[in-house]
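Each of the next two complexes has chain A plus one more chain, namely chain B in the first and chain C in the second.
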Partner chain A sequence: MKRATLAVVILLALFALPMVASGYILYLANLLMVFVVLSLGLNILIGETGQFGLAHAAFYGIGIYTAVLLNNATGAPVLVTLLAGASLAALIGLVLGAISLRMRDIYLALSTFAFGEAVRWVFASWTPVTGGPNGLRINPSNLFGFKLVTDRDAYLLVLVVTLAFLLLTIQITRSRLGSAFRAVRESEIAAAAMGVNVRGVKIAAFALSAFYAGAAGGLFTTFSSFIHPESLGFMTTIMVLTMIVVGGLGSVVGAVGGALILGLFSELLRQLLSFQEIIYGAILMLCMMYAPRGLMGLLERKQAGR
Partner chain B sequence: MNAPASLLAIENLTVRFGGLVAVDHVSFEVKPGSIHALIGPNGAGKTTVFNCISRFYQPATGALRFGEHDLLTKPRHRLAELGVARTFQNLELFGELSVFENVLIGTHSQARRTGWLDLFRAGNRPGEHRDRIEHALEQTGIADVRHVKARALDFGRQKMLELARALAVRPTLLLLDEPAAGLRNREIDALDAMLVKLCRTDGLTIVLVEHVMQLVMSISDWVTVLNFGTKIAEGTPAAVQANEQVIDAYLGREQADV
Partner chain C sequence: MTWELFLLFFQQSLMSGLVTGSIYALLALAMVMIFNTTDVPNFGQGEIFMVASYIALVLLVFASVPYLVMIPLTLAAVFFGGAIFQRLVLKRVALARGASVNLVIATLGLSYFLKGVMRQTGIAEVPRSFPALFPTDSVSIGMATATVQDFAILGLALAAMAAFFLFFHFTRTGRAMRAVGMNPRAAILVGVDIERMRWLVWGLSSAIAALAGILISPKLLMTADMGIVVILGFAAAIVGGFTSLPGAVVGGFVIGIVENMVGLFVSSKAIVVAPFLAIMLVLLLRPQGLLGGKATAKKV
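Let's look at the complex of A and B:
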């Protein structure tokens, strides 16, 4: 009951935010919500299913470029461009998942890292399509005929889509598919003996996780006017990984909390790009040493009376 | 239609690991509704046979028939759906998950029977699965620890959880790999009664690999003895206990001479 009240208060505050907040605050809110969708997606793959896929930024980029190119060329409604980006990312995620089935642990991490870097190279080099190193201008998205020009215009859309992904995640986590994800993480052998199609579940986790990343990319295009391949490299994957580790792997609330905290950090340190990496590294290390199960782990311990 | 004489038939099963022949032309049949023990010294190939039946190992030659299914044509994750469940010698629990969720995953194969949409429904909703899970928890005596993480249970209860999870599959054939290993005498007696009840009352067919002879000899209807990958004897517990070859290879003289 107390939790429900809290949820309603937060929801009302989120929907009322545009009435009081400045454009910058709304920009920040939009960006943080994109991070939330990104970390919810990576949490499904790494936190729930235990598969160390490190190509999240690539799927994010695929979502962004697909949405932008479709938007700039046709002016298609934003929900169409967003869904197209997410679906293409999911499709490529499915293929990557199928190819990666034979690998696990560090080999899986390395090969998906290589895939991510290859995709970033495509973004940076396919100049006629992506604008290459010059980046690409994003035309305002079209929502039922309205042009989304400012952060304020995009805010409600970003909020509703983010909430939809949050609800979807909670439902998946509670579902039998969610149990199957966790079973594969805990013991592939036992999972198979219980009738879980381990290969199918791994591929589904890859595709679903990529779908989230692609959708996050689509959301990004609704309030941004420019995209550059430099922001779609391994650093971004590491940032999202830090978010879910700090929040607590395998926890939905943790993924959201981690995204908000580290997203704020990254924005505050925007002027100090090189410091950013040092600080992520330090946070990751501190987390591993003192809170290996993240903020959620700390909370649980506190609730259990230490 | 005649009822088939055997639920599980293993014919000429041979398994090689590199140059080593772990199982060499082993054949035996398991009658429906029976408790069938597979015994023999360490390294005799008992667990290897289990791993073939549950499709973790691919035999070099041989045939495996379960009911009217040719098991060698089925991927391992389809066996639960056909009604074959197993436990593991060295425990393969989902350690970070609760006892309840461990058993819940045992019902996973029924998603296919109840439709794919079932995959997206909450696993802990009331209904058929819930009843099945509660029943399995009650049968194995671990209902009171349902919210505890599997990793945090004591060894005896972890063993019971393995069994509960396998029961949630709704198996017709239950493969138990050393269910009594490491249990205390009192726990073995409880297991003894539980297995007999599963077989006589619920109609399950049980194949077990076991070293605890007290359990094997008291509950088994039929015993197959392996030694160095070959079958050296089979029969009723009494017949096997009197078999010279079995005494030499496994049971030992003093024990049999009593």
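Let's look at the complex of A and C:
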């Protein structure tokens, strides 16, 4: 009962935010929600299914470029461009998942890392399409004829889509598929013995996770005006990984919490690259030393102690 | 492309490939050592390499320490740095939760931490060049040209590899390290102090990365992001199978030569993406690497 009240209060506050907040706060809120969708997606792959895929930023970028190019070319409504980006990312994720089936652990991490860097190279080199190293201007996207120009315009859309993804994630984790994900994470052999289609589940996790990343990219285009391939590299994947690890791998609440806390950190420290790196590095090491299960692990331990 | 030009490019890429390849081989060797004994691919190696190069630079240029003192000082400092990281951080991480994912994330943390600290010192604010340790007069072999420095790099790297080969085969400590890599439990049973081996390996591996840094820095522009070179070491380790020390060396030379060939025959832009394509291709076609032996799956 208490939880439900809390959820309603938070929801009301989120929907009321544009009435009181300034443009910068709304920009920050939009950005944090993009991080939330990214984290939820990576959490499905790494946290739930235990597949160490490190190409998240590539799928995010595919979502961004697809949405931008489609918008520039056709002026299609934002939900169409967003879905197109997410679907293309999911399709490529499906292929990557299928060819990665033979690999696990470190080999999987390295090959997906290599894939991610290769995709970033494509973003940076395919100048006629992506603008290459000069980056690409993002035109305002349109929603049923309205142009989304400012952060304020985009906020409600970003909020609704993010909430939809949050609900979707909760549904998935409670479904058969969610159980199959966790079964594969704990032991592939045991999962197979229980009748889980291990290959199918792994591919599904890759595609689903890429779908989230692509959608996050689409959301990003609704309130940003510029994209540069530099920001779609391994550093971004690691940032999202940090979010879910600090939050607690395999926990939806952890993924959201981690995205909010670290997203805020990275935005506030953006001008101070060296501090950002030192703090990130220290958080990663300390968290692995003293809270290997993240903030959620700490919370659970506290509750169990009572 | 004429036959003449082809021959020139071929010989030149072979020559340059051997030189840079020897560095990749050292980096791959360092990576594989750590992976074998502590089960973690060291994502922080690039930054260990970077910090070591800066330590060498500071000693050499700012403190004007002579070469022969600078090299052992740098190697020793980095050896202890690596060993301390294993003792202080990784040991604790392994105790908290032994999953290899957690260890990997801790090394990623090290990587960012070191990069940030190096930026904070201000030394890395402007790109710097490392003074050449050896003359840079050029020498021709066949149609290819190289500098005296190139030969010195290749020679010293090969000497270091030979020293490690002897160490791993003929000393008690070296054999104990290999034993831990093969079967940690059996190694404990025959009386190997596994904890000691672990920090020793971290120290040694970091010192190898430092040596690679000192050797190659004169050919690079030094920035806080120079650790990116280590990706080629990763690629080399993968080509070699990731668990085999000779494989790492072979992989290093393969990657070095392929990289230079791509640069000369395809385009210099493609150089950047070549290692990633190499990693993916090898993992797809021969996941156990060139010298990795038969593919085996871990039992539950």
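Assume the second predicted complex is superposed on the first by the 304 of 306 C-alpha atoms of A that agree within 3 Å, B and C clash if a C-alpha of one lies under 4 Å from a C-alpha of the other, contacts with A are read in each partner's own complex, and residues count from 1 in each chain.
The criterion applied here is as follows: contacts are C-beta pairs under 8 Å (C-beta built on N, C-alpha and C of every residue); 3 or more make two chains touch, one makes a residue touch a chain.
These numbers come from a predicted model, not from an experiment.
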Look at A:Gly178 in the shared chain and tell me whether it touches chain B only, chain C only, both, or neither; answer first, second, both or neither. first
More chain A residues in contact - chain B or chain C: C
Does the superposition put A:Ala109 against chain B (first), chain C (second), both, or neither? second
Looking at the overlay, does A:Gly195 come into contact with chain B only (first), chain C only (second), both, or neither? first
A:Ser187 contacts which: chain B (first), chain C (second), both, neither? both
Quick check for you: in the superposed arrangement, does A:Ala255 touch first (chain B), second (chain C), both or neither? neither
Let me test your reading of the model: by the given contact rule, A:Met243 touches which partner, first (chain B), second (chain C), both or neither? neither
Could you pull out which residues of chain A sit against chain B in one structure and against chain C in the other? 187, 189-190
Name, in rising order, each residue of chain C that touches chain A in their complex. 35, 41, 89, 92-93, 96-97, 99-106, 108-117, 119-120, 231, 234, 238, 242, 269, 272-273, 275-277, 279-280, 283-284, 287, 300
Counting only contacts in the complex, chain A reaches chain B at residues 171-172, 174-180, 182-183, 185-187, 189-198, 250
Chain C partner contacts - residues on chain A that touch it in the complex: 46, 52, 99, 102-103, 105-107, 109-111, 113-115, 117-118, 121, 125, 187, 189-190, 238, 241-242, 245, 249, 273-290, 292-293
Residues of chain B that touch chain A when the two form their complex: 54, 56, 75-81, 85-86, 88, 92-97, 101, 104-106, 108-109, 111-112, 118-124, 165, 169
